[in-house]
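I'd like to ask some things about the structure below.
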Amino acid sequence: MEAIQTTSTADDDEQTTFEPRIVAFLCNWCSYAGADLAGTSRLGYPPNIRIVKLPCTGRVDPLFILKAFERGADMVLVSGCHPGDCHYTSGNYHARRKLPTFRSLLEFMGIDPRRFQMSWVSAAQGGKWSQVVADITALATELGPFEYFERIRDNRN
Amino acid sequence: MPTLTVNRQEIEVADGATVLDAAKACGLEIPTLCHHRGVPSAGACRICVVEATSRGRTRLIASCAYPAEEGLVVQTESERIKRSRKMTLELLLARCPESERIQEMARELGVDTPRFKTENRNQKCIMCGLCVRVCNQVIGVGAVCFSGRGQTREVVTPYKELSDVCIGCGACAVVCPTGCIDPAEFRDKLLERIPNEFNCGFDSRRSIYVPFPQAVPNKPVIDRENCIHFRTGGCGACAQICPAGAIDYEAEDEFTEEKVGAIVVTTGYQLYNPAAYEEYGYGRYPDVVTSLEFERMVSASGPTGGNVYRPSTFEYDDDGKIVGGEKPMVCVFVKCVGSREEVKHKPYCSNICCMYTAKHTMLYEHKVHDGQAFVFYMDVRAPGKNYEQFVRRVAKEKTATYIRGRVAKIFPRNGKMVVWGADTLSGNQVEIDADLVVLAAAVVPSSGAVDLAQKLRIGYDEHEFFNEAHPKLRPVETNTAGIFLAGACQAPRDIPETVAQASGAAAKALGLVVRDEYEREPIVACVDENTCNACFNCEPVCAYGAIGEKEIRDRKGNLVKIVAEVNPGLCQGCGACAVTCRSNSIEVEGFTDAELYAEIDALVP
Amino acid sequence: MQDLTQLLRETAEDLLKRKAVGVVIGYGHTGSRGDMTAVFARTPQQVSQLALDGECYRNLAVYLNKPEVRKLGRCAIVVKGCDRRAINVLIRENQIAREDLHIIGITCEGVGDPKMQKCRFCTVHNPPDCDTVLGDPVDIEPEEGEFAAVEAFETKDIDARWNFWKEKLKDCIRCYACRQVCPLCYCKQCVVEKNIPQWVETSSHLRGNVMWNVMRAFHLTGRCIGCGECERVCPVGIPLGLLNQKLIQQVKDKFEFTSGMSADEKGPFSTFDLGLDTDDGIL
Amino acid sequence: MCTCNTATAAEDALMDVDYVPYRMRIDKVTAETPDVKTFKLVFENEEQGEAFTFKAGQFGLYSIFGYGEATFCVASSPTRKGYIECSIKCAGRVTQAFHQLNEGDIVGFRGPYGNCFPVEEMKGKNVVFVGGGIGLAPVRSVIWNVLDRREEFGDITICYGARTVADLVYKDELKQWDARDDVKTIFTVDPGGETPDWTGQVGFVPTVLGEADIPAENTVCVLCGPPIMIKFSLPVLTATHGLSKENVFTTLENRMKCGIGKCGRCNVGNLYVCKDGPVFRCSQLEELPPEF
Amino acid sequence: MTDPREKLVVGAGWQEKLVDALHGDNVRVLAPVLTEGTAEFREISAAAEMATEWINTRTPVKAVLFPRTEALVEFERRPGEDVQFTAADNEAVPTVVLGARPCDLNALDVLDTVFNWDYRDKLYAERRAATTFVGVACTRSDEACFCTGMGGRADDNEGSDLFVRPMPDGGAVLEVMNERGAALAKRLDGAAPAVGTEELVPPAQVGAGPFDTEKVKEWLDTHFDDDFWTDMSLKCLGCGACSYLCPTCHCFDIVDESDWRKGQRRRNWDCCSFAQFTKHASGHNPRPEQHSRCRNRIMHKFKYFIDRFGRKACVGCGRCIRVCGAGQDLVDILAEITTAAS
């Protein structure tokens, strides 16, 4: 996968120093292929995204999301096939129930729901992938470092 | 099964057969007028009389209506019969002297001029009632009937008015022995011509038809929507006529379930509808056609028999066949109609248009020797073997004038289609008065491609072309195991490419199905029997029904517990079950919790 | 209530005498302090320990998962409407078969003094599908909206929410009383006990505590019947019921699902509904 | 329980423990069976290595940082200095992680802890070693300890069995022992576990042990293996061969966390297996609550 | 009750002075602070934060010496390098604990024993040495309290370094129990020697009569296998609340918690009621059933610990009764055993 770094045009010093870390869980068949397409199509997108390939968004356990936050992710993205297009028939339908519910729980806990994003990006949507990453990176930059877990990372007690 | 004697020949006929049938079975010809195979006989015209002897008594009977009784002795040739027929024809000729059919029959029986005269001569109708019977008893509509008695008797519509009862099927006209019926007298709107889809609707077909000459299987099908039998319950003419008894109206479309080891998807393409270019007027101006319509025209088996005519001038025969038209002397071909149009249409190149357009110009030249062809093009893309040479030949032989530029507008003027375009090489505006404009419309996937893809669980791109597993390394496979692609359903492809891909797909499919043992994907789920709670929440989540129950027994065979089990042959490894399992007792090989944990762990230092 | 106690004892005695059950799990005032706790009557003599009153707030369904209790034979169990719902979930998740239970339902106007919060919006005062029902049918309108507490909490802004939970969860000592008392936490291996990999850290610090409590709540999505036992037993007073209630609200609003209303239902995460599910909030 | 231990224990007593392990480097990894590997560990700090002593039967806590600690006996002989060996069966989180390691990797080791086999007490006596599966590891430490001082002991018999030929550990050493004139060896595999070229016996350890010729007088036994094997071997040793339970020694493998009598995990009755064991006389075990 | 070495009288407001003096010396002061209906030991910056009316803290004072989680070893793995590890920074902070209850302080003896009986637990020992405990006589009790049943008293000064007997006017009689207490008492300006006739707030009356723990032990000695265990454990749900909040329970777990780069080896409270507590990696579990675990808990407190260390491991603080979600009652269990024994 190739991600061509877009040059940051931010003139604000603070903004240029903060590079959000975004962990993305992508389904193998649609979004991962879409990201791949973005790469082979030489579409640029911010390099802040770190991808975990999964067979399907249905494989995304909320544990993964929390663990990513715990480990220092500023944002988590889950991206998969559009509804109806799941390679496994219904994995994304299950994800579409489970993960937004989890997001509402996070929100209830006081974790900004915007820190957990979901998208549907098909294998042919290299352009959309590039756009999604650009958009959420901009959002993550705007939201700033996610410090809830950072602060308790080395918590002794 | 009665047995009777016809002209001293014994014959056994089917129950319900008529004497006429028996005679025919003996190879004897009996003239008829009011008889039609598909219509119940009435013995109205009495041309078909024969002598029949039963219980010692000999009479003249109408063979078309008289039942073939057991022991009946029939004589089809005799003076008495001849006299009777002559008399009948004399009378008919007197009534219908102009009818060619009657004249012909009269000649055969040696009747020259009738001895009788009638007031209202020159009728064609012989009052045989065949049309009334066909309409009532066969079509089942009853749109025509007899009216009046004796001299004033005539065949009319009820109240002599055009009625909606008539469905305009034209059966009456077909059966009329004297050809005196024009269905237009019964109904203002006749049954619509059924456009022949294979010929792009240029000509028509019947409601029972063979879809196209090379159809597989090459057998007729009934178009239920248009078939009179399915509309009124009547007709059934085709069933009566078919000597093989192959027509079965009861036959239903069936869903058959087949278990297969592989599927090759070859659903092909269709043309982008150029009506989307309003400025080209496709659909409004008959002389603006698509390349496929042109292709049908130049085909020897096509609607025009290989002649190129301007569609606005098509001449049809009674059967709806095109028999003539005006040859287009100036023909303009427009390429890239819908292709390579990022904004409103399709951004991709349709791949095949350059080559077939070059071919079309050549065929056009063959068909219309002194015609003039122009081609509007963006580029000429001819990257196949010998393709470039072919295009050069077209240019060299001047079969067409290539104009690099796009067409801005097409409109009719003085019976011509005016084509406004640009020649970007010379920088000039071009105006051509064309007789025919052929649009090389973009290639798009067949309608229903998305539905099919969703059924098969194969991917498709934003243009609805199916996705191959890998553009370079797995071009004929899909991401779903056992499903392969060939041809234009995957992307615009020409014939050699399609054939090559189809061969590859076939080989791949065979490679899959000929094996005795299969390798399954290593990425499947497995259940930890020790920790499984047997809640079976995973079961409904599995789209493949791969989760079953497993009984755990101790050494003595006592049931200890039941746990979930994954059938690795069915499992596709999506992992939805693993997430549903709260105790994390299901792992997906290759995407185990431990592996994913390590990945997440390492991603954010 | 006294006569109900009598009725219960008679029922239990009959069941035990007939050997229709091996144990009657009910309530009783036990010990020197007389707390209303679980009583396991295994002989007709022991039925005198059984009692019913307004303090039957425990959810005894949790004991149906205990192997030690199951060893005693077929169970008769005293349930209120809310507890009955928990049994429905257990049946739907194959943890117990309906025919292995004799359910003694007690109609309930709410328990505790003052009434427990869950009783104020209860709609299952009369437990359905019981083998024996004790008490007259109760018809009470809910006193407050089911999600009043959730809605009240949600008036806090996002940072205030986090600060609230941070302070609460900091105290979690990881005694797992919430898990052990939950009738629906029956996993042979809790996610926190799975150590390859160790998703949930076991140390009692905020990082692991957040993970544990969030996952505990999430594993009850579409399952929790809101008996409130987790919150009641938490030795450090974490309002766990609020988290559960939020998820109950979510599945009700989004998936039109209320857990435990029938034993045949499918959990909201075992199925999906193209008519209900939306792409809201998905890019 | 054994006198030789008290010296060590006294030295360690009231030593401050901060749970920081020795830094050890893996010197050699030997695959014993499909799921057992033997790790040879050397001290990174040479001083520590020189000062380090232990007794046969003692255990330690081996750790991989990020995965945790696990308890194993030291499988090498105290007579062989400068390194320790442990044989680890792949079972849980730590052992799985151990199996991923390679030579040169760093691990932690805390120990030695616990008591030991009373090698001094065995002097002048006939010694029978009975091992099953991975249970040979603690026995091996004693075997080499005894063989390295061969002249001090009487007849030596080694009876070792595993489920299959593949499951036999220390295959090279089995050959070495077999080749010695001064050691009697009985090697066996469970019925069905034999290979065509297997020259040893076929049968369960208690069975072949019962058929073996073992002197009843002046004999001690070191017995280690799966609980089921111990359960059935013990009567064979006592009833068939006439050994006293006092003279049969085994080790317990309770779960431990601290190794130093604090964490409360290994308690059996009022004993701390980590302090009062892991080596016990079979007569002692009979008096303990059956919680091991 | 142990005889104090010295008795002092201090007037109302003595806590303020003491806390201020200690803060001046950078000594951490922990005291019960009321939080949502219960009290917890928290670091205080002024005596006013301290609870005045409380029965006992939710968490026992053992947490000061033996926290519910603490780092033992710090480790770090840099790419391409071997793992590095060091002892965690656990430097003991000089601490004074104000307001510990006699039962909790009694319990320290159990912890002292365990953490020092053979090897000395460095972390515990250093914290112990740096901490001074100021015990205070109970003036209130609740129905779960049963220190008297275990031989304790509401005004037992055993285990305190300095023991406080409150007076109605806010003053107190302080008993100096040892050097640490004496050192603390020195900081109290205006303390006068007690005369012995000071009016004291009467100590709380704790309802439980003394148990004959010897009888209990006798019964336990001979009833390892008994239906009693099955019966009493039916109710138990196997959580760790009672152990975690028990002032004498000291079982712990050692776990590594880390991300891929660095982490800590931690010591956490553990509990013998957990089904996983003794479970081997092989799946074998020496205490597979709840009754064996419940039995172990009772046996450990009232038999094993006595056998080993000569004292029982229960001080009657009543926390296990208060927190038990299943309504399990240790007093009742002991009563039943006593009945069975007679």
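In this document, chain identifiers A, B, C, D and E correspond to the written order of the chains, with residue numbering beginning at 1 in each.
What we mean here is this: a residue touches a chain if its C-beta (ideal position, glycine included) is under 8 Å from a C-beta of that chain, and two chains touch if they have at least 3 such contacts.
This one's a predicted model, so the numbers in the text were calculated from it and none came from an experiment.
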| item | value |
| --- | --- |
| Contact-graph separation of chain A and chain B, given in steps at minimum | 1 |
| Chains touching both chain B and chain D | C, E |
| Pair joined by more contacting C-beta pairs (B-C or D-E) | D-E |
| Far-end chain from chain E, centres as C-alpha averages | B |
| Chain centroid nearest the full-protein CA centroid | A |
| Remotest chain, chain D as reference, centres from CA atoms | B |
| Interchain centroid distance [CA atoms averaged], chain A/chain C, Å | 36 |
| Inter-centroid spacing, chain E versus chain C (mean Cα positions, whole Å) | 32 |
| Intercentroid distance (Cα basis), chain D paired with chain A, Å | 51 |
| Centre-to-centre distance between chain E and chain B (centres being mean Cα positions), rounded to whole Å | 90 |
| Residue list for chain C, restricted to those that touch at least two other chains | 191, 196, 198-199, 205, 269 |
| Residue numbers of chain D (touch at least two other chains) | 92-93 |
| Residues of chain B engaged with two or more neighbouring chains | 530, 541, 580, 593, 597-598, 601, 605 |
| Parts of chain D lying in touch with chain C, wherever the complex brings them together | 92-93, 96 |
| Complex contacts: residues of chain B adjacent to chain C | 528, 530-541, 580, 582-585, 593-594, 597-598 |
| Footprint of chain B on chain A - complex, ascending | 21, 23, 29-30, 33, 50, 52, 54-56, 58-61, 64, 67-68, 71-73, 81, 84-91, 94, 98, 122-125 |
| Complex interface listing, chain C residues touching chain E | 30-33, 35-38, 40, 58, 62-63, 66-69, 173-177, 179-181, 193, 198, 201-205, 208, 229, 232-233, 235-237 |
| Complex contacts: residues of chain B adjacent to chain E | 530, 598, 601-602, 605 |
